[in-house]
Amino acid sequence: MSIETKEEFRPKIVAFCCNWCSYAGADLAGSSRLSYPADVKIIRVPCSCRVNPMFILRAFEKGADGVILCGCHPGDCHYSTGNYYARRRMTLLFSMLDYIGVENGRTRVEWVSAAEGVKFSTTMNEFVEKVRSLGKNVRLEDLRCRN
Amino acid sequence: MQELINRAKELLADGTVARVLGWKAGDLPYNPEPAYFEKEEDFENFVYNGFCGANLSKYMIEASKLEGKTLVCLKPCDTYSFNQLIKEHRVDREKAYIIGVGCKGKLDIEKIKGMGIKGIESISGAEITDGADTLTIQTLYGEKTCSYADAMLERCHVCKGKEHKIYDELIGESKETKDAERFDSVAAIEAMSPEEKFAFFQKELSKCIRCNACRNVCPACSCRKCVFDSNKFDSSQKANVDSFEEKMFHIIRAFHVAGRCTDCGECSRVCPQGIPLHLFNRKFIKDINEFYGEYQAGEDTDSRGPLTDFTFDDVEPGIVAERG
Amino acid sequence: MNTPKKQAEMIKEISGVNPLKCMKCGKCSASCPSYNEMDIKPHQFVSYVQNEDIESLVNSKSLWKCLSCFACVERCPRDVKPGKLIDAARQLVVREKGGDYLMADEIPELLDPELPQQLLVSAFRRYRR
Amino acid sequence: MQRIGVFVCHCGSNIAATVDVKKVVEMAKMEPGVVHAEDYQYMCSEAGQSKIAEAIKNEKLTGLVVCSCSPRMHETTFRKAAERAGLNPYMVEVANIREHCSWIHKDMEEATKKAVILARAAIAKVNLNASLKPGESLVTKRALVIGGGIAGIQTALDIAEAGYEVDIVEKTPSIGGRMSQLDKTFPTLDCSACILTPKMVEASAHEKINIYTYSEVEKVSGFVGDFTVDIRKKARSVDMDKCTGCGVCQEKCPSKKNSNEFNRGLNTRSAIYTPFAQAIPNVPVIDRENCIKFKTGKCGVCAKVCQAGAIDYEQKDEILTEKYGAIVVATGFDTIKLDNYDEYAYNQSKDVITSLELERIMNAAGPTKGHLERMSDGKAPKNMVFIQCVGSRCADKRGKSYCSKICCMYTAKHAMLIRDKYPDVNVTVFYIDVRTPGKNFDEFYRRAVEEYGVNYIKGQVGKVAPQPNGQLLVQGVDLIDNKQILMEADMVVLATAIEPDPSVRKIATMLTASIDTNNFLTEAHPKLRPVESPTAGIFLSGVCQGPKDIPETVSQAGAAAVKAIGLLAKDKLMTNPCTAKSDELLCNGCSTCENVCPYGAITYEDKEVNDHGIRETRRIAVVNNALCQGCGACTVACPSGAMDLQGFSNRQIIAEVDAICR
C-alpha cells in the first residue's frame, strides 16, 4: 500500500434515517452483510419530516462533509404524510445551498424502504464516493475550531 | 397627505379608532419613522412621502393587544404582510382600521447619495401628491436634481402591483413603478459557477455585523423569541464568531420565512451594511413558484402555504443536482 | 491468448454479463433457432464462462452458428443474455486472430436474395471487424 | 449532570469479532457523564440484564447506553430491564454497533472507531434525555377484516369465536375469494367448494360477524386501538333485505354478453348476476356499466320479474363510518398480466391458458361444465403442455423476482387430475426446478410422475407458436438430454406468477402500513413477528404478505386473529410518550404546526402565561398526547422552535450530530 492511499480522504457523513423504513433498511443491509464505508454514521429520527434544516447546517458547521436523509418512499410514510413535507423542505434547502455555492453532491435525499437493504448499501456507497470526489467541505465548516 | 391627516383626525375624534399608526418626520429630510398618533397636536409631525418605506404591518402585532382600534396606514405591498399576519393569527383584523395609502414608489437615500449628492438639506418632489418624476435636492453645494425612478428602492422596480389586498378605505393615488423582472437578479446568480456563487455570497455576507435589523423589521420574523436567541437549538448567539455563522443565520432566517415571506423587501432596505438580503427570500419564492406553482404569500388569508402543503408528485430533491 | 481467467474476465467485460445470475432454466436453448447446429448449446455458454473454459468456446462451432438473433437475450428471465456471451467470445477471436472468418469478397457469392435483411445485418455484426 | 452507565455487548462474536469491545468501554469511560462502563458476552441475556440492574443500583445511574444490536431488536428489552431496576425506561438509548457497524465492516480498527463514535453519539443524547411517562388510550373492541377470501373468513371466524365483533369488507359481490374459484386442492385433492362453502356459511351466520360485500374501505384515520374507517357500500341496485335469491332476474336479463370475471372471462354472464351459485350473500348485483336500463334508460326487465320487488335502480353508494381497535388485511392475490410474454402466445391463442383458467375449465360449475376441452373449438385435447415459472423468478421488468410458491404443486395436481380422468391425454410439464417443501408434497409430485405417467422435462419453453391447423407448436429444451424439443400441443397451460391484489397499494397507504417493492405488505419482523405490520394495530393474513398455499394461509389467518384478539382483549393501551410538546413561552400561535399534523393532534387555546413577569393571554398550541404519534412534522414547521419532540428533541439530535462530527 502506498502512502497516498493511507492518507486517503475519509469524509465525515451524517445519515438521518427514519425509524420505520430507512433505519430498518440499514438494519437489513447489516443483517445481509452488505457493506458500505464506515464513514457513514446514522442518526435515528422518527420520520424524515423530523429533520430540521438546522440539523443539516449544524452538521456541516461541525465538519461533516456530506449529509444524507433517508425516509420511507413517498406514499409509504408511517405517518402518512411526513416525507411529503420533508421532500419539499429538503428540495428548497438543497436548492438554497446550491445557490450559495455549496456543491450539491454533498446533500442527498433517498427513499429507502425497510425491505431495501441492497438499496441502502448501494446508496451509501455511491454517496460516500461522490463526497470523496468532492473532497473536504471547506465552504460551510466552522474553520475556527479546526485549526 | 392632508386628506390622510384630516381623515385620521376625524376617525380619532369620533372614537372609531384609539390611535393612528403612521410615520413622523425624522431629524433628517429623508428618515421618517413609524409612530403612533393619539392626539390632534401629534399630527404636526405626521408625514407620508417617498421616504416612508417602512412597513407598518408588524407594528400591528403589538397594537392588536392594545385597547381599541388602531388606524394603520398600509401601502399596497404592506397589505400582503398584513394578510399573512392575519393568516398566522398574529394580528387581529377587528383591532385594525386599515387605510390603504397610495404609493408612487419608495426612495432609497443610499441611491441618491450614490449619485454623488452630498450634504442634503431638503428634498422636494417626494410628496405623495407630486408626480414622482424628478427630485429636487437642496444641498450645501447647491441644488441638484435626479430622476425619481433612479432613486427608487430595488423592490419598487419589481413591484407586485399597486392594488391593496386588504383595507377599510383608500386614500391617495398610486403610480405603477415596475420596470424590471423580479427574478432576474436571482437568475443571474443561479447562472454563476459554484465558485462564483460562493464568492459572491461570501463577499456580501462577510459584511454582516449581526445587528439583527433585518430580523427586527421583517413582518414574517415575528416570533416571540427567535431561535437564535433561545437555547432550543444550542444556536443562540449574539455576534458572529466565525465565517459560517452569518450564512447559517441568513439561510435559516430565509428558510423560516420561506412560503411566508411576501417579498416586501424591508430586510434589504434596513440593512446598514447594504447586503441584498432579499436575494435569499426571493430565491425561495422563485423555487416555490417553479416547483409547486405560483404562490404569493399574503395574497389571501386562508390558503395553505407551500411548506405546509404537498402534492403526491412533487419534484424530488434530486432536481437540484439534475438542474445542474 | 491470455490466461483462461483473464479471458473469462474479458468476456464478462465485453458482454456486460454476470454469469452468476443464471438459474439454469434453459429458456435460451429453448428459444435458439440454431440449437441443432451447435456443439455447445446456448445454456452451456454460461457455464463455460463460469468455468473459465474459453478455449473450448472459441474453438466451438457454435461461435459461428449463432445467428445473433438475440432471442435468448430477449427471453432470458434472469437478464443473463447468453447471446451476448457468444458475441463477446467472437469479438475475442476476431480481435486476436487479426483475420476475419470471411473475407469481404467472399460474401456476395454466399448471398441468397431470399435472406431477410435482419440476417444480413447480424452477419455483418459477426463477420466484420 | 447525568450518571451514565455504558454497556457494550459482544453478541457472542457477532460484534466482538470485528469491534474491539474493550476499547469501546475504555473510550466510553472518558465521555462526559459516564460513571460506569463494562462489556459482556450477551447483554440481552438474563445475566446481562442483571448486570445492568446491579450497576443502576450500585452506581446510582440516571441514564443508560447499551451498545449492541439494533434498537429495533432489543431497545424494549433494555428499557424493561431498566424499569425493573427503578430507572425510567426512556433514559435508555441503544447504540447500534452490530447492524450498523460490526456486520458491515471488516477492518477491526475502522469498525472499532465507528463503534466508539456511535457510542459517543448515544451518550451525548442520553445526557439530554428526560424521564417520560406513557399515556393511556382506550381500545375499541371490534375488528375489521379487509378481504373476504379464505384468509379473511378464517381470521374473522377466529376473532368472532373469541367473542369480539368483526366486520368483513369484501369488494366483490360475494365472499369466498380465489379459493372459491379453485376446483380441487392439493395434496389431498378434496373439492375446494366442499371445504370452503361451510366456512362461508359459518361466517355469514355468526352473530359476531358482519359482512359488507360489494364494499370498499374508503378512508382510515386514528391509530392502534382506535381506528375510524369509512366503508363505501357500493350501490348493489338490489335490496338485500327483500331479495330471496330466486335467480329469475338473472335468467331473464337480456344483457347476457358480459365477461364473467368469476370464470376469468372464459364465458359470459348477465348484467344482473351473482358471481357463483354458492355466493354469500345470495343476492345479485347489477353491473351498471353493462345494464341496458342504466345505459339507455329502457328495459327494467329484472324489476318486472322480481316478485319480491327487490330491484332498486335508484340505490346510491353509501358511506358507513365505523370504529375498530384492530385491522386485519387479507386482500389476497391475482395472477399477473401476460401482455409482455409474447413468446407464449397467450394473447394470440385461446388454447394457451393460465392455470387459474384451467381451474375454471376443470370445475363442474365452470364454462365447460367440467369437461376438459379447448376454448377455441371445444375439442378434447390429446396433448397438453404445462409451462412452469411464467413470470416468476424473473430478474427483468416483465415478471416478478420471487417464486410464486404454489405453482409446482397445483401443476402436479392438474397433471394428475387430467391423467386420472382422461388417461389418453399426454401431459408434459416443462420445469426449472420442482419445489415441494410441505407435508406430503413431494410424495404428491412423485405420484404424478410414477403413478400417473406425467412427463416432466427439465428445461424451459422458448416459444409457443399457433399453427394454421389450430395446433400449438411448442419449442422447448430438455436440459438433461441436451436436446431441443419441438412438439405439437392442443393446449398450453401457463403457471402464471401471482402478485398481491392491486387494491393493496391504496389500502396500505391508507393504513400507513409499509409494502415492499413487489407490493407485498411488510411484516414487523420476518421471523419473529410475521403476521404483524410494523404499523401498530394492523395485522396480515394470507397472500397479501407473501405467496402461500391454502394451509399456510389458514394458519396465518389464525395467527393474525390471535394477535388481533390479544389487542382487543386489552382495555387500555399505553401510548408512546415520545410526543410533541409546545413551549408556551415560545409559541407564536401561528397555526403552522396545526397545518402539517396528520393526526389533528394540535389545537389552540387562549391561555394565560407568565413570560418573565409579563402576564398575558396568548394563543398557544396544545398537543393531544393520545392523538400525537410523534412524527415531528410540526417541530420543523415551527419557526420559533417552540414545538419540540420528546425523546427526539432538537437539542438531543444536535448533540448527536455534534458527537458524530467531533
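Letters A, B, C and D name the chains as they come in the text, with residue numbers starting at 1 for each one.
The rule is simple: a contact is a pair of C-beta atoms (placed from the backbone, for glycine too) under 8 Å apart; a residue touches a chain by one contact, two chains touch by 3 or more.
Molecules present, by chain and UniProt name: A = Hydrogenase iron-sulfur subunit; B, C = 4Fe-4S dicluster domain-containing protein.
Small disclaimer: the values here were computed from a predicted structure and weren't measured.
Between C-D and A-D, more contacting C-beta pairs join the chains of A-D.
Chain centres here are Cα means. That of chain C falls 44 Å from that of chain D.
Between chain A and chain D, the centres computed from C-alpha atoms are 30 Å apart. Mean C-alpha positions place chain B and chain C at a centre distance of 72 Å. Contact of a single residue of chain D with at least two other chains is seen at positions 596, 637, 650, 654. Multi-chain contact residues of chain B (touching two or more other chains) are listed as 227, 233, 307-309.
Residue positions of chain C with contacts to 2 or more other chains are absent. Chain pairs recorded as touching, per the definition above, are A-B, A-D, B-D, C-D. Chain contact summary for the complex, chain D toward chain A: residues 70-73, 96, 98-101, 103-107, 110-111, 113-114, 117-118, 121, 508-509, 512, 514-517, 522, 534-535, 578, 596, 598, 629-633, 635-637, 645, 648, 650, 653-654, 656-658, 660-662.
If you check the complex, the residues on chain A that touch chain D are 12, 14, 19-21, 23-24, 26-27, 29-31, 33-36, 38, 41-47, 49-55, 58-59, 62-64, 72, 75-82, 85, 89, 113-116, 121.
Within the complex formed with chain D, the residues of chain C that make contact are 21, 23-32, 35-36, 41, 43, 71, 75-79. Note for the complex: chain B touches chain A at residues 186, 189-190, 192, 194-202, 227, 233, 235, 241-245, 247-248, 251-252, 254-255, 258, 280, 283-284, 287-288, 291-292, 306-312, 314-321. Every residue of chain B that touches chain D in the complex is listed here, in rising order: 65, 87-90, 222-227, 230-234, 256-257, 304-305, 307-309.
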